[in-house]
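Next up: some structures, all given as structure tokens.
Shared between the two complexes below is chain A, which pairs with chain B and chain C, respectively.
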Partner chain A sequence: MKQDTALPDRVLDPAGDGIIRDRVVRTIYSHAEYIAARTVKPADTRRVDWDGKIDDILTSRWLGFPVMMALLGAVIWLTVAGANVPSELIASALFRVQDWLAGLFVRAGLPSWAEGFFVHGVYRTLAWVVSVMLPPMAIFFPLFTLLEDLGYLPRVAFNLDNFFKRAGAHGKQSLTMSMGFGCNAAGVIACRIIESPRERIIAILTNVFVPCNGRFPTLITLSSVFMGGMAATAYGVAAAAAAVAGMVLAGLWVTLVTSRVLSKTLLRGMPSSFTLELPPYRKPQVGRILVRSIMDRTVFVLGRAVTVAAPAGGIVWLLANIRVGEMSVIGLLAGTLEPFGRALGLDGHILTAFILGLPANEIVLPILIMSYLSTGSMASLDSLEALRVLLVEDHGWTWITALCTMLFSLLHFPCATTLLTIRQETKSLKWTLTAALIPLAAACLVCFTVAQAARALGLC
Partner chain B sequence: MQEMPLSKLPLKKRGVVTSLSAEGMARRRLLDLGLVPGTAVEAVRRSPAGDPTAFSIRGAIIALRKEDADKITVSLH
Partner chain C sequence: MLSDRLPTEGIRKKFNITKKSSGQKVVALAGNPNTGKSTIFNALTGLRQHTGNWPGKTVIQTRGTFSYGGSSYILVDLPGTYSLLASSADEQAARDFLCFAQPDATVAVADATCLERNLNLVLQVMEITSRVVVCVNLIDEARRKKISIDLEELSAQLGVPVVATAARSGLGIAELKERIHQVAFGKLTTNPRRLVYDPEIEEAVSCLEHSLKALIPPGVNSRWLSLRILEGDRTVLDAMREYSSKISYGREPAVETGHCPAGSRA
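Showing the complex of A and B:
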């Protein structure tokens, strides 16, 4: 990051001892005090201090943490539970348009590869990304903005700062991480609130360890297949939910460890400072919340995802349909990556899906299914049982494969949208590459360890 | 009159800043908050995790970590 303070330092502080700067600040404040004393009437001090009373509860020793957990849990639950129905509605509408488009291509007499590339590649991926991403973001971002507008979020940073301090990070990182549940690109942009350069870079580089909306469906689906699928009862649902929660905690742990390592190595000696304002609570302005969360966050993130997903859809379709001898390019790629994938507890197809899914994490599972079924265009299986049969019976998945796939999804490199955002926010190719390589290394390390340990212990 | 680092100021007590030993970026940020000598500061509340502590400074509530508050000397009246 560029230091933007070089010029004022030279001008205001030629001797480098800070004396002139101190005097400038002191003079500004005494002048401001003089003006304020003559013009500003202090408010009635006998008024009840509501802010103080609310803070006594929200930052208290006993209720501070439970309230925080309950709110985060409620926001994520509302997002996941509320997004299902609109997601299906949008998907069925967009896929009806797909049939109509395909008909149009046929009637226009265009060659079948054009229909495949544009309709089954570009359009289908686009429809997929929009229907999977739009509803959760349109729920998550307004809820999060509501907490922000109320003035609650700085209290979270206040409660959690000590844990982040021990990892060499900033308490406000708890907020950029929460934002990451919505979208890692939005989380990276949110890192602007961290004014200290060292802690800001740490927050940017580790944001990807929070599973975003694009990866939550993968985590939930896989844990439902493997934990819930065994017993389609309340126990199964609870086990699946526990597995997802375990993933979130694992991500939190990796975040703190990585932050600590970064602050002791790559970022050692970089300047750092901490101040955090606890502003007064405010009545939320619903109109502004909706405009800000829908326009600035939802549409912005969706726009970026769409611009990367559309060309990616076309490319994936080509890779699945161009044949070299008997095999599609995707099949060849999977074959080449097979030994490497095996070492990580995965297989070549899974690794290929993660690589081709770089543009957007929500297309990883569809690419994997497509590559297993070799249908040549992105597919969705309509029931969890069908998915279980495909993975377990046709392709030999064990619970270790599922666990490693979930861990790899949780920890691997950020999506292209997030990487572009990191490039824009840091203005540095070095930090962008670091942001891709650290998670990749973490994902490989963790998956390798888990897979080899399970094999050595004879668990699979 | 008793002098102490701001980090030792008991909750609900007021002190007046006498000097600042922070340097570089930390000093600049503290000065920007208005922590110049002569400013009254009150310790308002502590994080449930033990640190940071929130101070009332010129009508705003600002949380400072112990390491930073150590570098501010206040006198207790």
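Showing the complex of A and C:
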């Protein structure tokens, strides 16, 4: 009788030793083995297992990481080298349209504020966003989709698994980070693939450290101007690409450090294990890659940027042109933030641009330029050289300013869309706020350290 | 008229599956990740797709429709999983759908280049539902790798129809549709391979099953549920509460053991 009452306890005990499940699984596996032995004639074992050989290299202890770095470098190099010329072509074409539009406004007898708002505010911001973003995206996305289609991303996850495990995070986080390259909101949604709630939150909170498409062009533009000497020579292109790749690595490093700190403090726990299958390499379907990366990614991201940039451009023009006493509103804001900006190696205008750029990171650089132009003398900006003159000669940028701006862009709070997505995915205001504050703190800390160190060493 | 009142329709609605007409059949698509499952899904449904969430889970649910042989089908893409035993959100969504929504046919997609590994999931799917069509996908890749598969023998061993496909090029999709049609309309009766466990487990299962039958909707696989309860899987109890009107909310389903012969043990 004793045994009768013992059964339900045992049956409903989830902390049981799993003996029954082991037996069940063993039975299932033995059936699968039996059936496979009778139905599958394996490939001739003398045949070379290419997949295995390639995996031995791509995921090897010593070569895995260098190969990964080389591929990252190559993708970024192609993007930087290829984006420059089309960017300038698009820019000069779009700015010619700007002149024509301005003429149209004048001939129609419209007031000058209308011309300013629509042409110098809305249109110019749009032109900037399109000419700066479109070429790098049209190169980066197909290359990235190609690596995805070949089956390389799971190998990246395999290589990085150990790092994430040591940081107390989930190995799949490298996959959600990869999604973040396109858009951090997409990366946050991708965190659904992580089952453990603790590790999912870690992945969500740190996803912003991957430079998304809104920030990639900013990084590329600034590295081309400052690190690559206008990327005019092959050496300059390589230096600019190295700077951008360095930013991506810095983002990875901050991700690991933050994950580790989180898993020791707010989100204490052990990393859970998972099965990572390395799928066979497949021949990429080039046509489909082009369609998918251009239609689904490039057009989608650009469309989103354009819808945010148009109204934001108008609003920023108003802020730059509505005067309170002697100063424009944006000038006042910049003046207030100036001391904070200086401490971080930036200036008040740069900090203002990041704050006003909350709706979308794509518009940070256009806002900054407009804010500079409202106080400067230049009327239009259609080349990298013009940008260099504006930043260096009119506003005293050094390469430390550029480096700090790039670091701040890499690490600062996520854009509004991403924050809303985090709110949706975590259903928690607390985590949403944390997701904004952690990156902000990281950005301030890193920029402050870099700026002060550079000053102490007399580098600027 | 009558079919609308079947309790299964109510349960299916809980999974966001609403039929357009009473004749429409519900087909599930199961398989390991990286087996070309979504390529099969696209090949079957084309652009007639909708995405949403699995109710109560942050797992994406993709549904689509297709027509074949004058009938219409709703195809539900289950999350790609390696098993239906552990309890990640993905696996729960997949097995709850198979067990409680009782699809009229289930396509189990397997990768021809590593069939043995994939058969584990196929066997688990067949343990929940008998109306299964096995789709051995990436057959072109297997042929290129000089792996040959005896499809007839595989079908005989599994006891369900087997179709070889290369979804990227569309090979075998027509035959797959035909098999789905036959299974969904009961024109082809399957005889799925039965997994028999150790005598001890079998004895415990049969007595659990006996008391379980009264608590679950008709047609739901009591043997499979008993096995999971025996393993100590609490998520299955939650699912039973969710999808069975006979168990009131918040109460542990009472599993009586009075029917068990004295001396039986887990």
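Here, the second predicted complex is superposed on the first by the 247 of 460 C-alpha atoms of A that agree within 3 Å, B and C clash if a C-alpha of one lies under 4 Å from a C-alpha of the other, contacts with A are read in each partner's own complex, and residues count from 1 in each chain.
The rule we apply is simple: a contact is a pair of C-beta atoms (placed from the backbone, for glycine too) under 8 Å apart; a residue touches a chain by one contact, two chains touch by 3 or more.
Because the structure is a prediction, the values reported are computed rather than measured.
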Q: Examine A:29 and indicate which partner it touches, taking first as chain B and second as chain C; both and neither are also allowed.
A: both
Q: Using the touch definition from the top, say if A:425 reaches chain B (first), chain C (second), both or neither.
A: second
Q) Counting only touches as set out at the top, which of chain B and chain C does A:192 meet: first, second, both, neither? A) second
Q: Could you look at A:326 and tell me whether it touches chain B, chain C, both or neither (first, second, both, neither)?
A: neither
Q) Should A:39 be classified as contacting the first partner (chain B), the second (chain C), both, or neither? A) second
Q: For A:393, select first, second, both or neither according to whether it touches chain B, chain C, the two together, or no partner.
A: neither
(Q) Contact-wise, after the overlay, does A:21 reach chain B, chain C, both or neither (first, second, both, neither)? (A) both
Q) Looking at the overlay, what does A:271 touch: chain B (first), chain C (second), both, or neither? A) first
Q: With both structures superposed, pick whichever of chain B and chain C touches the larger number of chain A residues.
A: C
Q) On chain A, what residues does chain B touch that chain C touches as well? A) 18, 21, 25, 29, 195, 275, 277, 279
Q: Provide the residue numbers of chain C that touch chain A in the complex, in ascending order.
A: 32-34, 58-60, 82, 85, 88-90, 113, 115-117, 119-120, 122-124, 141, 145-151, 153-154, 157-158, 168, 193, 195-198, 201, 204, 208, 227, 229-234, 237, 252, 255, 257, 260, 262-266
Q: Could you please specify the touching residues of chain A with respect to chain B in the complex?
A: 5, 18, 21-22, 25-26, 29, 51-52, 55-56, 59-61, 64-65, 158-163, 165, 171, 195-196, 271-279
Q) Taking the complex as given, what residues does chain B use to touch chain A? A) 23-34, 36-37, 39, 44-45, 47-52, 54, 60-65, 67-68
**Q.** Residues on chain A engaged by chain C in the complex (per definition of touch)
**A.** 1, 3-4, 6-8, 10-16, 18, 20-21, 23-25, 27-29, 31-36, 38-44, 47, 192, 195, 275, 277, 279-280, 282, 285, 425
